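A short worksheet on the structure shown next.
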Amino acid sequence: MDFVTIFDYIGTFAFAISGIRLAAAKKFDIFGAYVVGFVTAIGGGTLRDILLGITPFWMNQASYVIITAIALLFVILFRNTLVRLDNTFFIFDAIGIALFTVVGFEKSMGAGFPVWVNIIMGSITGAAGGMFRDIFINEVPLIFRKDIYAVACVLGGVVYYLCMLLGLGQILTQIIAALSVILIRVLSVHYGISLPSLNPPD
Amino acid sequence: MDFVTIFDYIGTFAFAISGIRLAAAKKFDIFGAYVVGFVTAIGGGTLRDILLGITPFWMNQASYVIITAIALLFVILFRNTLVRLDNTFFIFDAIGIALFTVVGFEKSMGAGFPVWVNIIMGSITGAAGGMFRDIFINEVPLIFRKDIYAVACVLGGVVYYLCMLLGLGQILTQIIAALSVILIRVLSVHYGISLPSLNPPD
Amino acid sequence: MDFVTIFDYIGTFAFAISGIRLAAAKKFDIFGAYVVGFVTAIGGGTLRDILLGITPFWMNQASYVIITAIALLFVILFRNTLVRLDNTFFIFDAIGIALFTVVGFEKSMGAGFPVWVNIIMGSITGAAGGMFRDIFINEVPLIFRKDIYAVACVLGGVVYYLCMLLGLGQILTQIIAALSVILIRVLSVHYGISLPSLNPPD
């Protein structure tokens, strides 16, 4: 199991946890919470694969179904102590976003699309799962109203492209792009930086 | 017209009726109600076919568009007496879920996917239409909060697989799997059995 | 750049503006508003292309991403005067719906589907973007409750088919079908004509 796989599973776990907890807050039943967790974890990559015209990644291996089940068990067992782990989950979540962005960019690039499509596919992979989660639980998507989230994915894609232009190797490019996503997320949450909202007319 | 087709049409009719009635309660116009009814009826199978990478089933024959139109006419003509038919529609709905689950399982199996994907595809076929309906009318999906619904589809898929392991013929397998879905639905509603909800922390 | 392309861009611009303004009213941040504008503009055609099994149209050229960015800039710069342009945008929007309907019909026809599928694909292209927009901003889809909107697309498709039956040339057919969509939209809004709603039982 290589590093990319490990980080992929950590990200999946963190995404599933976030979906399950929000579904629980909306009084979903256990299976509903599982579904919301699963969709949060695999929704972005699934939309990307549908747009690219390939079989959704999670249909080729059972890992994602299993990791979501572990996340559900985890939330059930530790529901009263989870709040204390919020900082840990935030880091896991940031790792997930970063890795998903890099994986999405590369998958689109491998399918022969131009750079700007790759950046969009990286962003969809990183951010769309959280969007589906919020539509599911009938909330206005949080990622468009708080912190810098989807834009971190866009910038990660831009960084990936710049590293390629500079002729850096693939692994170095992956690391720099992923770290830039994590850094933007951490800084924006730590300093409470949000994008300006687009106010309605005065 | 064989039995599978008849049950398929009955299920489509029941699903469309449920979508149209909920849209009417939200003051959708007639065409909007038609669209919600149609999406309720074909949404699950459409998501399945998109995930499997094949042309959505309803694009190959006009039956589903027509049945939804009949369902709309039915609701318009009998809107004041429909409530008395609730038990009939519940049975139709259960037949629909059961048949859709079996059809979804088999379509995924035919495309060469492993058992756990087939179970998911059966469940999506049976349950995702109702989910789309609730997102459309801007409600938190009901199927994740009341009765045993999506889980009945999952268990129906498991029963299908067990029958295959036992070497039963296809038709017997279809009947047993479908009856198990119907039985779970009827028992869960009759005895008011729901899955436990995942309460937020104390 | 031919006429179809010019009208396509005008329609995209109008659709993006409508998404951005509604997102702004819901206090989305700038990037969120961009995403809602983009989804409003390309959502219908994307769903159509996914159903037809082809690569979504906007992934082949950057125009739609760029036009949405211009629309965002436009809303930011003129947000206090936009209201005065409502009539202009209504016409742009009607042109967009009309053109999208014709393009969707033809793309489905080109893929070899029967007439009723072509009519549905035209309607999805014209109307589904506004539906996605409303799901995104967590509102009950407006297009199913006010004016004649989706039905204008359906009728435009029917008119297209009738022109074909009459043996009219392609360009004449496109113009008549598009004008009929625009006419229905303008008349329904001007005279306040809505479809009857499907009231719940007394």
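Going in written order, the chains are labelled A, B and C, and every chain counts its residues from 1.
In this section, a residue touches a chain if its C-beta (ideal position, glycine included) is under 8 Å from a C-beta of that chain, and two chains touch if they have at least 3 such contacts.
Only a predicted model underlies this, so the values are computations on that prediction, with no experimental measurement involved.
K.L.:
After a C-alpha superposition of subunit A on subunit B, what does the rotation angle come to, in degrees rounded to the nearest 5?
P.N.:
It works out to 120 degrees.
K.L.:
Since subunit A and subunit C are copies that touch, just let me know if over half of their interface numbering is common to both, same, or not, different.
P.N.:
Shared-number fraction below one half, so different.
K.L.:
Distance between subunit A and subunit C based on Cα centroids, please, to the nearest Å.
P.N.:
It comes to 30 Å between the two C-alpha centres.
K.L.:
Check each residue of subunit B and list the ones that touch at least two other chains.
P.N.:
Residue numbers touching two or more other chains: 50, 53, 135, 138.
K.L.:
Enumerate the contact residues on subunit C facing subunit B in the complex.
P.N.:
50-51, 53, 113-114, 116-117, 120, 135, 138-141, 143-145, 150-151, 154, 194-202
K.L.:
Give every residue of subunit C touching subunit A within the complex, in rising order.
P.N.:
Against subunit A, subunit C makes touches at 20-21, 23-33, 35-36, 46, 50, 53-56, 59, 62, 65, 75-76, 79-80, 82-83, 135-138.
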